[in-house]
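Take a look at this one; I'll ask things after.
Lettered A, B, C and D in written order, each chain numbered from 1.
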Amino acid sequence: MSDKPVLRIGLIGTGFMGKAHVFGFASAQKVFDLPYRLELHTVADITPEAATRAAHEFGFAHSTADWRELISNPEIDLIDITAPNALHKEMALAAIAAGKHVYCEKPLAPLAADAREMADAAAAKGVKTQVGFNYLCNPMLRLAREMIAAGELGEIRGYRGLHAEDYMADASGPYTFRHDPAGGGALADIGSHALATAEFLLGPISEVMGDCVTLIGERPDGKGGTRKVSVDDVGRAFLRFANGAQGSIEGNWIATGRKMQHDFEVYGTRGALAFTQERFNELHFYATDDAPGRRGFRRIEASPDHPPYGRFCVAPGHQLGFNDLKAIEIEGYTRAIAGEIPEPFGFVAGLRIQRLVETIQKSSAARQWLPVPA
Amino acid sequence: MSDKPVLRIGLIGTGFMGKAHVFGFASAQKVFDLPYRLELHTVADITPEAATRAAHEFGFAHSTADWRELISNPEIDLIDITAPNALHKEMALAAIAAGKHVYCEKPLAPLAADAREMADAAAAKGVKTQVGFNYLCNPMLRLAREMIAAGELGEIRGYRGLHAEDYMADASGPYTFRHDPAGGGALADIGSHALATAEFLLGPISEVMGDCVTLIGERPDGKGGTRKVSVDDVGRAFLRFANGAQGSIEGNWIATGRKMQHDFEVYGTRGALAFTQERFNELHFYATDDAPGRRGFRRIEASPDHPPYGRFCVAPGHQLGFNDLKAIEIEGYTRAIAGEIPEPFGFVAGLRIQRLVETIQKSSAARQWLPVPA
Amino acid sequence: MSDKPVLRIGLIGTGFMGKAHVFGFASAQKVFDLPYRLELHTVADITPEAATRAAHEFGFAHSTADWRELISNPEIDLIDITAPNALHKEMALAAIAAGKHVYCEKPLAPLAADAREMADAAAAKGVKTQVGFNYLCNPMLRLAREMIAAGELGEIRGYRGLHAEDYMADASGPYTFRHDPAGGGALADIGSHALATAEFLLGPISEVMGDCVTLIGERPDGKGGTRKVSVDDVGRAFLRFANGAQGSIEGNWIATGRKMQHDFEVYGTRGALAFTQERFNELHFYATDDAPGRRGFRRIEASPDHPPYGRFCVAPGHQLGFNDLKAIEIEGYTRAIAGEIPEPFGFVAGLRIQRLVETIQKSSAARQWLPVPA
Amino acid sequence: MSDKPVLRIGLIGTGFMGKAHVFGFASAQKVFDLPYRLELHTVADITPEAATRAAHEFGFAHSTADWRELISNPEIDLIDITAPNALHKEMALAAIAAGKHVYCEKPLAPLAADAREMADAAAAKGVKTQVGFNYLCNPMLRLAREMIAAGELGEIRGYRGLHAEDYMADASGPYTFRHDPAGGGALADIGSHALATAEFLLGPISEVMGDCVTLIGERPDGKGGTRKVSVDDVGRAFLRFANGAQGSIEGNWIATGRKMQHDFEVYGTRGALAFTQERFNELHFYATDDAPGRRGFRRIEASPDHPPYGRFCVAPGHQLGFNDLKAIEIEGYTRAIAGEIPEPFGFVAGLRIQRLVETIQKSSAARQWLPVPA
């Protein structure tokens, strides 16, 4: 059918993100001219039944209840990890040791030290990695980065970033792994997206002052009792960027009413950008060069002028969806595996985010500014 | 791999909509639990080379430069027509005669008389049909229809519909088949979407007064000369609905700056809805039952509360894209083929739209109100 | 205190619009350098008590229960009519006969024939007149007109206008003078604003096709019974403009949820404008000259770049309110009285609106297109 | 004309805010039933000519180039100070010593110590004071406060406030008194508004961590050279409120493209509010009590349901302007002078804002959290 080389995928985990990955694999190879033909080889879930069901549902040829079988199977080229965060490290290290490429959902690992070990292992082994920060794959974010890099905003002075949702706003919601002191909390869970976008657009953050706050101090433990929660419900930071700009970010999972407030504003000497993920097919651009009396934020709608939008639709304004961003992520990753481009957001980048998160957490605990380790 | 029956697809046409269908087939069977396993059997394009390329790109097993081969191939169950409008009738009738299900892009045919012939043939033969009006597949439109049907807006009094884009705004753009007097024009091309949405929400339109206007009277013929254009650049109508409501629609392809202004407002005695396709993951709802001083249009964001959004994503606010609507269309169609549900938007529905379009055009030419034939 | 000539004002009526005029007089002479010092001389209301109260409240020196006293008082220069519509004609003609300038709230008169008589009388007597269409005084509408006139949108092709509110949406609301067959209805009451804006921006409308619909056929008569209503709840029209453009307007007073949807879109060959009175300190501008990939509707915020905004506030973005528009109207009118500029919107203009309204109503009744009498 | 007692006003300063005050006096006494008749007695400006011109333009009976004449004039009841910030203290203390009520534009004084002296003096003398924080007079902010106080949002957890403009974004703009190390900077100038709104809505802030950043280090001195700037262009803070809520604010005068971004979001356990001064006649309200699938931020438009909107206009959605907020401020202040209500925002409140500003500045300099002195 196709003379392309085959990339055989072993997927671990079949929840929210597992599904999103499968959707992404399916559409990526229709939408893009990938360097590989993707083959959904084996899916692993906790029980044989769940795994078999997922294989049928998603179109994997094989299934297993033992993720280690994926690692040891020489037919599989790429291990895709969408299992709970606490397992990322063990799975990834095993996969890397077996010489497999590793695609890991965010966070790379709950702790930066673990993420570092993973990144180092991948580098030593020479496999290609990807961490799932797919908001960055939005053509409008790429446009924003391009405009900033090209100087369309002039010199960048200020930044305000945000990722706020309300999925933890209900205090009667049970304690989950996301409340785990090791790696849990709003800053780690979604503030990390705000940090990723900030560095994607403006480059490295050099110094932070963190403020991590717990508002809901205990949650039902699912056994009729309650369990103390120590992680942050809101995690924010003042930021200094290496390029001289400054700003702030906030991660907030108790922002009642907000479902996807991944927003930013960038202020430069010649222009500004405003964005909200709530309307992520739009980028708002203010140019001081516009004629007096005619200035204003322009609502730029995603169109074929903003690659790779045109791969999905040849007409402007039709809009991409969340799952399409995953397809774009996959395209980049497969091209990196093929050696065509550098890793778009590999383990080193994932480690970087963990480091930012931890530095902010430490800063908050110490109540003082801290430099971000390189 | 799967024990589901197979539905073998033959696709004619590989342009904008051909691609969208392929994307839709790919994601529909990942996202939904379809009654069939879809198999991309054969693709037909104008030349053998184009067809072969498309087969490779899209993942069809076979290709051909002769669409009749698809019809005569007993292995193919469903003929998917995304070829130019003028060919729809011939292709569809041939497919129906061969006992195949037919999935046809809009418009069903340039003329209602032809559409009638097609609908009759399909009914006589008992095959299942679908016309591509995928804006209707948006969960937020389904929500709107459900709210109206449930009486959440009270008795419906008024409607304002619109579909405006600017892809024909440039007068130097060449004459195309869309300018063909038989079936061309803005009303037929996109006003048809506004009509489909109007009846989807409020039920049958009983009487119309049309106003079809040509603003760009000639266009380059592609051979260095110009060609006269007689079809409408703007087609609008006053409407009377069978349920007693009244309103208007407009189709406009020279609406400078607008890329996807498929909008509507519905006014009832107890509430109102406002929608724009520019932000199609939102529905705005005003309820007179809200407390005084607290009333206002609520921006409802698409979420798992609005099926089938949850099939794509378990979290609210993440948003569907245009291609996802196609997957929803395909899900409905395959379920209709399996006999689980009535045809969501079959040839009879497609004929209905053509009839509305033609009645409005005739009304405009006659400069008088006309009843819409049943 | 001031060496300016004095303009002595006699106000008839102290309701919604009467108050708005008084607020306007007060702020106009602070905000602008008017050619006159305005003196609130006498106010007339139905009873002596009401008139006295109003005089105290608003700061008039005198009061009366007989509006004819204002006319016969030689000290009064300007008669300001905010009484019910049915009285406009008698009051205005008396004032004109007495040689006074006349400021009359809209509509000039319920019937165009009456409006014509009033306009003719004013012209014959040489007094200066003003009809209250203060939405036109918005700096952003003036900007829109200026941009259109300067060709910033290229050649104008299309227009969509609207004035929708919901103050008559409740069917249990009583029958009022606004339901009077002579001059009542949504088209006359607020559709007239949509018409005024359309001609303000694009120039004369030459031909119309009307559609006036009654949805609420009877209303409480305030005496325990009901009274039949024959005027339109929704009045809309297709439009042809003398400049070759075409479009539509709608007036709607049962648009549930809408409080001030005085909106328009203008499409030209080089650009477009979009406006809503719901956010009337903004004008949205799309320019095809913007760079590819950077185009979008710009949200221009009212600022000192948009006269006379700067008279109210030297800083951009602070926003004018509805009453400020009245002050702008008054400034223009007093300058016209002083002979500095032509009447901004005198009785001839008011007559024009009545004529448009009546032509649309007649067209609707006849169910056919009608030319608009010059 | 009126039997109300007279309040004679002496105004110092005739710039932006001086004008706004005069507009406010004029409309306040038309719009409201004030306890006093306001008399514009004397205006003071720097030169006799400027003062005379202002008297004519604004309608003051007298003028002077010596502000001390206002203080010593026993006919004057109220001294209104809109002079440069550095003079506020001297003027106010003199006025208080003379037993006059004092209306002072913000900031009350560049330094909190001075503000304290002023507040103490006013208290000792028993005169009534007002500081101009008129954003707080917006009916939609009052609605927000009322909703919060009534528990409509449940328990308040989080806050995000902002006041961003771009009037200092141009680095070639000259050094002004706003850059003065004593009292200057973005935090003091407009961040103060964000702080005022935060406490207006949620009550006292108990602890802050500040971040004040200078981006434009020098500016033209107006004499051909440059002058070093040490005040902040952006001043932000993490906040802890006494009621247990937490949040952040930012003041930013180099936010390219932003003219009036005085925004906030408040998150409670049962609902949320979102507001932007860019559209200040709207308040967005999310209620978790709304039915599932029907939840969303409601765009509540200002209406007579939101006092004192109805004093300005009896119909909803017509909108107040910036100057109307000043009229509301004046109404409150005159009622406080009459003893009807407590001072809405007197010198004690003004001092409080200065104290917050200074604490944030100190915290920033010390790079550590600081409690806010009571």
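In this section, a residue touches a chain if its C-beta (ideal position, glycine included) is under 8 Å from a C-beta of that chain, and two chains touch if they have at least 3 such contacts.
Since this is a predicted model, take the numbers as computed values, not measurements.
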- Enter the minimum step count from chain B to chain D; a value of 1 means the two chains touch. 1
- Ordered by label, the neighbours common to chain A and chain B are C, D
- Per Cα centroids, the chain farthest from chain D: B
- Message: Using mean CA coordinates as chain centres, what's the gap between chain A and chain D in Å?
- Response: 42
- Per the centroid of Cα atoms for each chain, what is the distance between chain C and chain D, given in Å? 34
- Query: In whole angstrom, how far does the Cα centroid of chain A sit from the Cα centroid of chain C?
  - Reply: 54
- Would you give the residues of chain D that are in contact with at least 2 other chains, written as numbers and ranges? 258, 295-297, 301, 303
- Flag every residue of chain A that touches chain D in the complex, lowest number first. 153, 157-158, 160, 166, 169, 171, 209, 211, 213, 215, 233-234, 236, 238, 246, 248, 250, 252, 254-258, 265, 267-272, 274, 286, 288, 295-297, 367-369
- Contact residues on chain B for chain D in the complex? 143, 282, 284-285, 290, 292-301, 303, 305-306
- Query: In their complex, what parts of chain A are in touch with chain B?
  - Reply: 1-2, 16, 19-20, 22-23, 26-27, 29-31, 33, 55-59, 61, 165, 167, 258-260, 278-280, 301, 303, 312-324
